[in-house]
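Chain naming follows the written order as A, B, C and D, and within any one chain the residues start at number 1.
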Amino acid sequence: MSLQLAEDRRDLIPPGLNLAGCYQCGKCTAGCPVASRMDRTPNQVVRLLQLGRMEKAISSGAFWECVSCQTCTTRCPKSVDCAGAMDFLRQLSVERAASAPSAHRTVLFQKTFLRNIRRNGRLDELELVRTFKTATFLKDLDIPFLFKDASLAPRMMRRGKLKLRAEQARDRGVLDRIFERCLEAKL
Amino acid sequence: MEIGYYPGCALHGSSNDYETSVRACLAALGVGLREIDDWICCGATAAHSINHKLSIALPARNLALAARDGFGELLAPCPMCSMELLKAEQSLRADPELRKDIAQIVELGLDRKTAVLNLIQVFQKIGLDQIKDAVKRPLDHITAACYYGCLLTRPPETLRFDDCERPSTMEAVLAELGAKTVAWNYKTECCGAGLTMANEATVLELSHKILMNAASHGANCVVVACPMCHVNLDMKQRDIERRYSVRHGITIYYLSDLVGMALGLSDAALGIDRHFVYRG
Amino acid sequence: MSEAFEPKIVAYVCNWCTYLGADLAGTNRLEYPPNVRVLRLPCTGRIDFNLIVKAFEAGADAVLVSGCHPADCHYTSGNYHARRRWIVFRRLLETLGFEMERIHFTWISAAEGKKWQQVVTEITEKTRRLGPYTAYRDLCEAHQ
Amino acid sequence: MARIGVFTCWCGENIARTVDVDQVSAAIAKLPGVRASVNYKYMCSDPGQALVREKIAAEQLDAVVVASCSPHMHLRTFRKTAEAAGVNAYRVEMANIREQCSWVHHDRAAATAKAVDLVRIAVAKVRWDEALEPIRVPVTRKALVIGGGVAGIQAALDIADAGYQVALVEREPSIGGKMAGLSETFPTLDCSQCILTPRMVDVGQHPRIRLHSYSEVESVSGFVGNFTVTIRQKARYVDTAKCTGCGECWNSCPIKKIPSEFDYRLGFRPAIYIPFPQAVPARPVIDKENCTRLKKGKGCGFCEKKCQAGAIRFDDQDKLVTEEVGAIVVATGFKLYSIGKQQENESRSGYGEYGYGEYKDVIDGLQFERLVSASGPTGGRIARPSDGREPKNVVFISCVGSRDNAKGVPYCSKICCMYTAKHAMLYKHKVHDGQAHVFYMDVRAGGKNYEEFVRRAIEQDGARYYRGRVSRIYEENGKLIVRGADTLAGEPVTIEADLVVLAAAITPAAGVRDLARKLNVGYDEYGFLLESHPKLRPVETASAGVFICGACQGPKDIPESVAQASAAASKALIMLSRDEMTREPEVARIDEKNCAACFACVRTCPYHAIERGEVLTPRGVFVKHTARVNPGLCMGCGTCVSICPSKSADLAGFSEQQIYAELEALV
C-alpha cells in the first residue's frame, strides 16, 4: 500500500451515514453476529470508507456477509449508520460489477430476486429457486449446491407452501417503469 | 374493526401458514383485514442491497396504494416489509424533494400518511384485556421463548416500538393467554434472515445458537412474529440438526398461532399443521 | 448615482467581541474601506430602536449592529435580548417604510478579524450601490 | 463649558505613516471647548504622559481625549495619568486611530479624514462624561463553601487557615464526599481514607469553620461581598450537641437491612446510622423513611432507650439558619451517569445491552471501590455481589456513557482510564490467580506518573487490554458473557466473566442546576458550572464573589480538584482580605421620578441587579414604586436601558445623551 491519496472518493458516500463520526471503537464488530465470518471487520470497513478508499473497501466480501440485522447501527455510540454503509457498499459494488469472488452467490441471489419481482411484481419463489440455482451452477458448476434443498420442495409442496403458479401483480407495466427510473445500470 | 393489510410476498408464498394464522386469529377477535389492491413486493434485502432509490420506491408505491385505498392504518405482519415501509415513510417525510421525486417514479401521490403496524401492535390495539377475556383454552402447557429477532425493534429510530435491547411486548401478550415465558439471551439476536438460500452456513449457525439458548433456558417452544425467522428456525431445523448433529425438535409458533390456540381455534384452522416441526 | 458618493456607515459594536475583532483586523493589517464609524457600547443588549433611527437621522447611509455570537456574550445574555428585540424592531421598521437592506445584524467574535473585514467591505460596497439614504429625509417628513 | 485636551499619538510610524497627525491636531483644535490639541511620537511613553500632565495643569483641563491605539490597550494607562494630574479618570476617552484606522487603510487622505472623525466623536463623547467615583462595597469577611468533598474541604481549610470564618454546607450526614468511599488512589496507591480523614477531622475541629452537615442551601440573596445565605438543616432526629457519638443507638436499632448509600447498596446500615465509621461529624441521623417509630409515630424507640445522653429527638424538624458571607465557593462535585434503563434525562436511553441493574454482578466503578476497600462491605475481600464468590475473570469497561453521543454524554470523563487501570491492578494484587480484562478506546493518561502507572497495570500486573467497546453482556450459567471487540487484532472477542465493572461517565451532582440558579451562576447543557474564562479566570464565575472548584466544573481527579480548590480559596481570600471592594462605576441607574414601575428591567437584567423599590418622602411617606439598581451587582451591560419603555434607565459612561452626541459629531 502506498500512501498517496490518489484514491479518495469520499464524495460518493451519502452524508446521512454519518461516517465522519466514527472513532473506531469497534462496538459494531463486537455486536455483529457474522463478524467472525468477515474478511474485514465492520469497523475496518467503515475505516476504509472514512478514507474514501472505495476500491479496497468493495474488494472485501464483508458487506455481503452482513445480515442487515441493524445491531451495529442501533448500538453505535456515534450514531454512525454502519448497516447503511454495508448497503451502500453492496450497491456500489453491484454498480461497478466489482464484488468479491467469495460473495458471488449472494450477489447473484439478490440480483435474481430483484429481476423476479420486476417481472412478477411479487416474488415467485419457485422461479427464484430455479433461476438462482441455474445461474449459480453456470457460474461455479457446483453440482451439490444445485441439488441442495431439492428435498425441501416436495415437503413444502405437501404443506401447500409452494405454488407452481405464483400470483402476480396486475399492473406490471408500472413496475417496469419504476425499475427503469431507479436503476442506472442494467441488473 | 377492519384494517388495511399488506401481506407481502412471504405470506402469499411459502409462509402462507402465517397468513392463515393471522387471518384466523384476528377474525376470531373480530378484526377483518382488507388487502391493498394490487400491492407489490417491498423490495426486501435485495432492493437495499442493490439500489437505494429502488429500496424507497417499492415500499413507497405500496404506501401510496394504501393511501389510495383509504387505509389510515396498515398491518404488515412481516417485519421486513413493515421496516421497509416505515423506513420509506420516514425518508419521504424528512425530505420533500425526495417525496416529489419518488411520487413521480411510482406514479402515485405520497402526501397522505399511513401508519404501519406490526402484528403485536394490532393485538395491543385490540386490547390485551379484550384478548384475555376471549381466552377459551389457557395455554398452561406452553413455556415459550419469545423471539423478536431484528426488525421488529431495530433500528429503533425507525421502528419506535418496544425496547430494542430488552423487548417485552410479546411476553405481555402471552401472559394474557396463560402461557409461561422464559428469560433467555437470544431474543434479539439475528437468525440470518433472508440469506437462507444464498448463505446457508450463516443461517444454520445463527439459528442453531438461538434454538440452543431457548432450550437451555427451559422453553418448550419458540414464538416468532416474522416469516423469515419461522423459515430459518422451523423449515431449516432439520438442516440445523444435521449440520450440528443435535436433536432440537422444538416447535416454532407464530404469535398468532398461540393467540388463536387460546381462543379455541384448531391447529388446522391456524395452519399449525403445516409447520415442518409439528407433532399433531 | 455619482461616482464620488462615499457612504457613511455607523457600526454599533459591543466592547468584548466585535470591538476586539475589529482591533484584531488592525493587528493583522486587514484592509477595508474607511467608511465605517465604530461606536463602542458595552453590549448589543444596549442597542434599541432609537439608536438605529438616530443614526439615520444623523446622516448614516447604513447601520451595522454587531456583537458576540449566541452563548458567547460577556454579559451572559445581552446579545440574546438584542436578537429578540431585533425581531420586533424589524417589523416596526418595515412598517414605517425603512429600507431594510441598510440595516445589518451580525455576530463577530474577538477572534474574527477576517470576518470584520469582510462584513465592513460588503456593507460598504452594498451601500455604495444603494446610494445616499435621501429617502430617509422624505420618510421623516412623511411621519411628522 | 468643558476644557478639553486632545493628545494625538504618532505611535512612531504606526499612525503617522498613514494619518497626517498635524492635520488631525489642527482640525480638532478648532472644536469648541478644546483648549489644547497636540501630537507626540509616543503618547504612552513617560515623556508623552508628562506632556498630558503638563497640558492639564497649564490649561486647567477637565477632560482628556487620547487619539492613539485601542482603549483595550491603554485606556487604563491614560486614566491613571489624567487622575494623577487632577482630571477625573472617567472623563478620559480614546479615539482608536491605530487598530481601526491607520493599520487598516492605506489612502492617507481618507485615513486622515477618518481619524479626524474618530477624534471628533471622542470629543463629543467626553464632553458629556460625568465625573464618576469607583463604587465601594463593604465586604463581610466570611466565606461559604458548598459541598464537603475533598475540594470543599480543601477550600474551607485554606480560607480558615488564612484567618477567616468559613461556613461549610454538606448535604449528606458526613463530609468526605466521593473520596471517602474510595479504596486506594492513583498513581501512588495510597489509601484514600488515610489521607482524607485527617483533613476531615481538621474541618470538624477548626475554630473558624462552622459545619452545617445534613444541610442544603435554601436561598441566596445580596451581592458580592454581602451575601445572605439561608441554609436548611434537615431534621436529624438527633441532638448533635448532646450526642457523644458512642454508637449505642445504631447498634441497638432493629432495622438493620437498609441498603447503604455509602456502600452504593452493596452493604447495609440501620435506620439510625452514621454513613461510615470515620464520619465527621460523628453524629448519627435517623432515616425517617425506614425508622419504625417515625413511620408509625409510636413503638420501637430502642435508640432512645439506649441513649445515655438523651440526644434522640423524634420531634425534630427542619431548621432554617442564615449565614452572612462575602464570598461563596461551590464544590458540589459529581455523580455517576446512570447506566441502567431509567434515565433522568430524556435525551439519554441507558445501556439496556449491558444489563446493569438486572445482573447483580454488573457493577459500576464506585461500587468496585467499595468492594476493594478495607472498610467496605466485604472488608476488602473481592467477592461478587450475587454469590460472594471470588471472581476469577473480571472485565472492566471504560467509556460507559462517556464519549457516547447516542446514549450518554459526548465528553471524556477524564478519570476513568486511570481508575480502571488502578482497579485492574488492585484486583490482581488481591486475586493472584485472577485475570483482569480491560476494554478501552484510548488510554488517556496525561498526568505526572500516570502513563507509567497504566503501563505497570499492563506489564507487571498482566491486565489484558483490548482496544474496543463492548456490544452486549448477558448472563449464562452464572457467567457473564461479554461480547466485545479487539479492533487491533481485528476480531470480535467474547469473555466469560465473573464480574463486570463499568466505568460510568462523570456527571454533575444532582440538584446542581437549582443551586446554580440560586447563585446566578451559568451552567452548560450537562449541568457543569461555567467558569468566567476557560483559561484566565478558571475558578471565577459570571456572578461576582462566587467561585467554583472540583468536579462541579467538569470531570476532575483528586489532585486537580484540590489544586482548583486552593485556587478558588485564594480568589475568595483576595476579596476577604479587604475591608471594601471597588468596582467600575460605569453602571446603570434609574431616574426614579420618571420610572413607571413596570419592572421590565427587573425581569430582563441578567445579573438580578435591579430590584423593586419604593420612593418615599423625606418623612417616609410612600410616593410611588420604582425600579432601583444595586450598583454592587450591576455589570453595566445596558440591557435595561434599551428595554425601558419610559426611558428612565441610563448607563453611566454610555448614556443616551453621549451616544446622540457621538452621532451628531459624524455629520
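Just so it is clear, a residue touches a chain if its C-beta (ideal position, glycine included) is under 8 Å from a C-beta of that chain, and two chains touch if they have at least 3 such contacts.
Please read these numbers as outputs of a predicted model, since none were measured by experiment.
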Among the chain pairs here, which one is joined by the most contacts?
A-B
Counting only Cα atoms for the centres, state how far chain B is from chain C in Å.
62
CA centroid of chain B to CA centroid of chain D, Å:
53
With chain centres defined as C-alpha means, what is the inter-centre distance between chain A and chain C in Å?
57
Which integer distance in Å separates the CA centroid of chain A from that of chain B?
22
Counting only residues that touch at least 2 other chains, which ones in chain B make the list?
164
Sequence positions of chain C contacting 2 or more other chains:
none
For chain A, residues that touch 2 or more chains besides their own
71
Going by the touch definition at the top, which pairs of chains touch each other?
A-B, A-D, B-D, C-D
Mind pulling up the chain D residues that touch chain B in the complex?
341, 351-353, 358, 474-476, 481
For chain B, which residues count as touching chain D in their complex?
163-166, 185, 213
In the complex with chain D, residue positions of chain C that touch it
8, 10, 19-20, 22-23, 25-27, 29-32, 34, 37-43, 45-48, 50-51, 54-55, 57-60, 74-78, 81-82, 85, 117
Using the touch rule from the top, collect the residues of chain D that touch chain A in their complex.
353, 399, 403-408, 441, 467-472, 483-487, 490-493
Looking at the complex, which residues from chain D come into contact with chain C?
70-72, 96, 98-101, 103-107, 110-111, 113-114, 117-118, 121, 522, 542, 586, 604, 606-607, 635-639, 641-643, 651, 654, 656, 659-660, 662-664, 666-667
